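Next come the structures, one after another.
You will see two complexes here that share subunit A, one where it goes with subunit B and one where it goes with subunit C.
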Partner chain A sequence: MYDLIVIGGGPAGLAAACSAWDKGLRSILIVERDQELGGILNQCIHSGFGLQYFKEELTGPEYAARFVDLLSQTGVEVRLDTMVLDITPQREVHMVGKTTGYRVEQARAIVLAMGCRERTRGAISIPGTRPAGVFTAGAAQRYVNVEGYLPGKRVVILGSGDIGLIMARRMTLEGAKVLACVEVMPYSGGLNRNIVQCLQDFDIPLYLSHTVTDIRGKDRVEQVVVSQVGPDRKPIPGTEMIFDCDTLLLSVGLLPENELTQQAGIALDPRTRGAVVYENMETSMPGVFACGNVCHVHDLVDYVTAESQRAGAAAAAYLMEDAKHESRVIEIQNGPGVTYTVPQHIRPQRVDKSCGLFFRVNRICKDSEILVTSGDVPIARFKREHLAPGEMEHITLPRALLDKAGPTLTVSIREVN
Partner chain B sequence: MYDVLIIGCGIVGAAAAFELSKYQVRVGILEKENDVANGTTKANSAILHAGYDPLPGTLMARLNVRGVALARELCQKLDVPYRACGSFVLAFTPEECATLDTLKARGDANGVPGLGILTGDQARSMDPQLSDQVQAALYAPTAAICSPWEYCLALAETAVRNGARLHLETEVTGIEKTGGGWLVHTSQGDFSARYLVNAAGVHADAVHDMAAPHAFTIRPSRGEYYLLDKAEGSRVSHTIFQCPNRNGKGVLVSPTVHGNLIVGPNAAPVEGDDTATTAAGLDFVRTTALKSVPSIAFGQCIRNFAGVRANTEIHDFILQEKDGFVDAAGICSPGLSAAPAIAEYLVQLLNDAGLALEPRPDFVCERHRTRFKELSPAQRADLVAKEPAFGRVICRCETVTEGEILEALHGPIPPRSVDAVKRRVNAGMGRCQGGFCGPRVVEILARELHLHPEDIQQDKKGTWLLWGETKGGSAHV
Partner chain C sequence: MKELICITCPQGCHLKVDDENGYTVTGNRCPRGEAYGRAELIHPTRMVTSTVKCTGGSRPRCPVKTSGPVPKDMVFAVVAALDAVELTAPVRIGQVVLANVCGTGVDIVATKDI
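Let's look at the complex of A and B:
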């Protein structure tokens, strides 16, 4: 029996476990499927991590190492090379590992920190042949940075998500020729700094409002056809460009990995594809918390850390505080311009001073106002010079404001000019 | 010198080898690819048709009905995923209702058991996601689904266990008649045999023409498919057809034995084995399928693929023998359904042509593979305690362990590529399509086959995955 089992030893799981330890929990287990802690950070050898949280620029492995070091000073137990297969409603965690065997561990609380996976060619139904040489950007990143192999020499990248941009630079540095980065939307899905540092600095063209409409090659990729798309995102005949290449990398979105969550019967939000959570990252199943990319896909690991610390602390509070604050529930709704919010529910009486709210916008907006309304009444406004779908937004709602709010709060975007 | 050489190891070649391996006959199989089941057998609807489609009196009709009856037993003995799900043919108009009557009469004449015509409401009560536009449906309880590539693999493996020899990457380049039989030239040298069986699928006309005057032409017809995530796997519980048209059985919607939903195919003439998918073809499949089941969430697609049917101008299977050369050609749908019955028929043709059939006293007709995912917690615990490799999950989507991959690598027909591993143990078949397990499978293959990772292929020869080491070199020294 453990007080807390944390599923996943990436940045979310590490922060949650450390935080729960700091709050006084002493029986904590992290279950990690890989052979070391750190999760996907281990293959992110580029820098740019930690600017928010540590106020310095770290590589992915360095960022992970900071938390692995912190963890080593605690008594948190770690089970590596072990995969969780099932979570029952009674909070029994079934897991299996080559050295750890098949085990069923009882948990009093659980933190879900399984991260996310990449969308694939099938998810976007790219027509053409099915040769070797079509990789998700993350799989290519693993081959290059962890295994030490280059998956191709002439590369087209579909999708301008951050991993795709990072891999454009990485493949170039390893001697591959990156011919183009192709994005179906009229704007990039990645961070602006990555557009500059990974594409522009290497003269790699970015084709916005374009997509891959055909893959050719019998055995290995030989060509990809790129077409311009209209406002409806449908390809425009006659705009085809043919690239001779041996590799197509896909950076077409990340999906929270919620198979375990779903099996356990926890409510999911179709917008985030993660668990519906309260202000303290608790899911619809009491005592089960979710944080990091398994809850919603983040842009910066720094935010994953902050969110996961809240989840870890909340799991500790769940076990250590006898009296639960009874509270009404405010439902957070998406208004115009907003694609999702996390949390989706806030219990104002459980909020200490204030509650952070993460969300994403559905288009690029300049000089805008984030508007929070209770019913029809605006109760808060936040000015922003620039909003983009690739960058997660964050506002803070004070407790006093939440106390005044009705049963629903709506977050929307209004361009001022 | 073989008694019988089979050219092609798709479902027909494998079934023929299996059937022949029951007897004291020296059997060889020549397959041009690096694995079995690598043509039409791996890319079709995975349906075992009840048998109401073919015209009464045809070989197709007879062998289809016999074949699905045999498949039921074979799949059980050889541990092949199989589910008797039953099928519906939907009618949306009075004309189509009349077509159902025709199909039922045909099925009755073919000896298909249990056919019945249901009202739209009756059909919807059995499969609630069917369109409310459905007026009537032909119900066929004996239709089933299976894993076509595992079916082929199981038959081929069992044949090999009973003494048949499989020659992979062995492409036939010429055939000569000799005094005692046939001499077959291949990319791996010459083979001789008393009898030849031509089971070359889409290339059966070319193989036939090497041995005999031209007699038929394969006119390949491509069908494109969607494979949807398990989240859509129970959208329907039966195989749902629309009324057949001149292009074939039309677009179907069906659960798969792996828990996914399959939707397709269209039908378009192509050259050779062109299995590319097209935007137009997929659009057609999608819109047509929504007519049967309007609620299909195509956003859950995990893979598109296409397969090529070996149609000919003769609207029946071509099963014939001359001078010890046996054609098994034009095996389009319902070829998968009919396969074991086709094999029986072929063996009879060989017997009629003088091949002695002395039963093999030690014939083994069983196969078992470990499916970790399907074990109970207690069974899993026992297995991992005995064999720790079963504790290492390689494919998270399908819960496939290293132990299962190692078991396949020590099986009668070891996998040589990443996709060959997929066909044996399902690693990479799930929603992430090998994004997670791909590099791990490459690592295991390289280790076990004593190859460099750069030499590991995705599938067929030439489908290389890794161009070379990075500047810093590989992690595996």
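Let's look at the complex of A and C:
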């Protein structure tokens, strides 16, 4: 019997386990399916991590190493090369490992920190033949940075998410020619700094409102066809451009990996594709918490760390506090301009001083106001000069405000002028 | 007046740099943005990250980075210089694997224990 089992040893799982240890839990197990801790950070060799949390610029492996070091100073147990197969409502965790075989471990609390995975060609139904040379950007990143292979020489990238942008630069530095980055939306899904330092620095054109409409080639990709799309995101006939290339990288979105969550019967939010969570990252199953990219896809690992520390601390509090504060529940809804919010539910009596609310907007907005309304009554406004779907936003709601709020709060965006 | 997006951190501030009046920077949310805005127009630099060959460890490549920014027009030369580097495990995080790369005064250091 463990006090806490953390599923996943990436940045979310590491931060949650360290935080639960700091709060006094002494029987903690991290289950990780890879051969080492650190998760996707191990292949993100570029820098830019940690500016918020450590106040210095680190690469992915360095950021992971900081937490692996912290963890090594605790008594947290780690089981590598082990895959969790099932979680039951009784909080039994079924797992299978290379050296340990099939085990069932009982947990008093669970943190879900399984991260996310990439959408593939099948998920976006690109027409054409099925040759070699079509990779997700993250798979290509693993080939280049971990295995030491260059997966192609002439590359087109579909999708302008951060991994795609980072790989445009990475492939260029390793001697490949990146012909274009193609984005179906009228704006990039990646961070602005990555448009600048990964595309503009290397004169790689970014085609907004374009998509790949055909993949050609028998054994290997030979050409991809790119077409402009209209406001309905449908290709416009006659706008086709043909690129001679051997590789197509896909950076077309990330999906939280929630098969275990779903199997366990935990409520999922169709907007985030992650578990519905309360203010302390607790899911609909008491004692089970979710954090990091399995809950909603983040842009910055620093935010994953902060959220996961809250989840780890909340798991400790769940086990150590005898009396649970009874509380009513406020439902958070997204109004115009907002795609989703995390948390989806807030129990005001369980909020200490204030509660952070994270969300994404559905379009680029200049000079805007984030409006929080209770029923029809505006109760808080926050000004922003710039909002973009690729950049997660967050506001802080004080406890006093939550106490006054009705049963629902709506977050919406209003452009000033 | 030049408009730039700050690449110093993921916030990506929208900077305005007055290149006719002493490179005054506005739109930055921190001092790093001011420094970036000025440097980007006068003397642009970049951090470089890549991998080098590594034998005897659990994996064939060791991730590395420049210990500081290098001139932007030296980026390809720096990456090319890494082709000749071959490490043998164990490698410690922070270990210098190539000193004073391309005469920039900047070192290449390992970013992972191998």
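Here is the rule we go by: the second predicted complex is superposed on the first by the 417 of 417 C-alpha atoms of A that agree within 3 Å, B and C clash if a C-alpha of one lies under 4 Å from a C-alpha of the other, contacts with A are read in each partner's own complex, and residues count from 1 in each chain.
In this text, a residue touches a chain if its C-beta (ideal position, glycine included) is under 8 Å from a C-beta of that chain, and two chains touch if they have at least 3 such contacts.
Here the structure is a predicted model, which is why all the values come from computation and not from measurement.
A.B. asks: Between subunit B (first) and subunit C (second), which does A:H46 come into contact with in this model arrangement: first, second, both, or neither?
C.D. replies: second
A.B. asks: Using the superposition on chain A described above, determine whether A:H386 touches subunit B (first), subunit C (second), both, or neither.
C.D. replies: The second partner, subunit C, only.
A.B. asks: Check the residue A:D299 against both partner chains and state whether it touches subunit B (first), subunit C (second), both, or neither.
C.D. replies: It touches subunit C, and subunit B stays clear.
A.B. asks: Classify the contacts of A:E57 with the two partner chains as first (subunit B alone), second (subunit C alone), both, or neither.
C.D. replies: In the superposition, A:E57 contacts subunit C only.
A.B. asks: For A:D269, decide between first (touching subunit B), second (touching subunit C), both and neither.
C.D. replies: neither
A.B. asks: Once the structures are superposed on A, label A:E32 by its partner contacts, choosing first (subunit B), second (subunit C), both or neither.
C.D. replies: After superposition on chain A, A:E32 lies in contact with neither partner.
A.B. asks: Can A:T100 be said to touch subunit B (first), subunit C (second), both, or neither?
C.D. replies: First partner only.
A.B. asks: Looking at A:G148 after the superposition, I want to know if it touches subunit B, subunit C, both of them or none. Which is it: first, second, both, neither?
C.D. replies: both
A.B. asks: Subunit A residues in contact: does subunit B have more, or subunit C?
C.D. replies: Of subunit B and subunit C, more residues of subunit A lie in contact with B.
A.B. asks: Which of the two partners, first being subunit B and second being subunit C, lies in contact with A:R193: first, second, both, or neither?
C.D. replies: Second partner only, subunit C.
A.B. asks: Find the residues of subunit A that appear in the contact set with subunit B and again in the contact set with subunit C.
C.D. replies: 144, 146-148, 174
A.B. asks: Write out the stretch or stretches of subunit C touching subunit A in their complex.
C.D. replies: 4-12, 14, 46-51, 53, 58-61, 63, 65, 72, 75-76, 79, 93, 111-113
A.B. asks: Could you please specify the touching residues of subunit A with respect to subunit B in the complex?
C.D. replies: 33, 81, 83, 85, 94, 96-102, 104, 117-118, 120-123, 125, 127-133, 135-136, 138-139, 142-144, 146-153, 174-176, 213, 216, 218-220, 235, 246, 259
A.B. asks: Give every residue of subunit A touching subunit C within the complex, in rising order.
C.D. replies: These residues of subunit A touch subunit C: 35, 42, 45-48, 51-52, 57, 59, 61-62, 65, 144-148, 173-174, 191-193, 195-197, 201, 299-300, 385-386, 391.
A.B. asks: Which bits of subunit B are touching subunit A when the two form their complex?
C.D. replies: 226-227, 275-279, 281-282, 299, 301-305, 377, 380-381, 383-385, 388-389, 391-393, 396-397, 399, 401-402, 431-436, 438-439, 443, 453-454, 457-476
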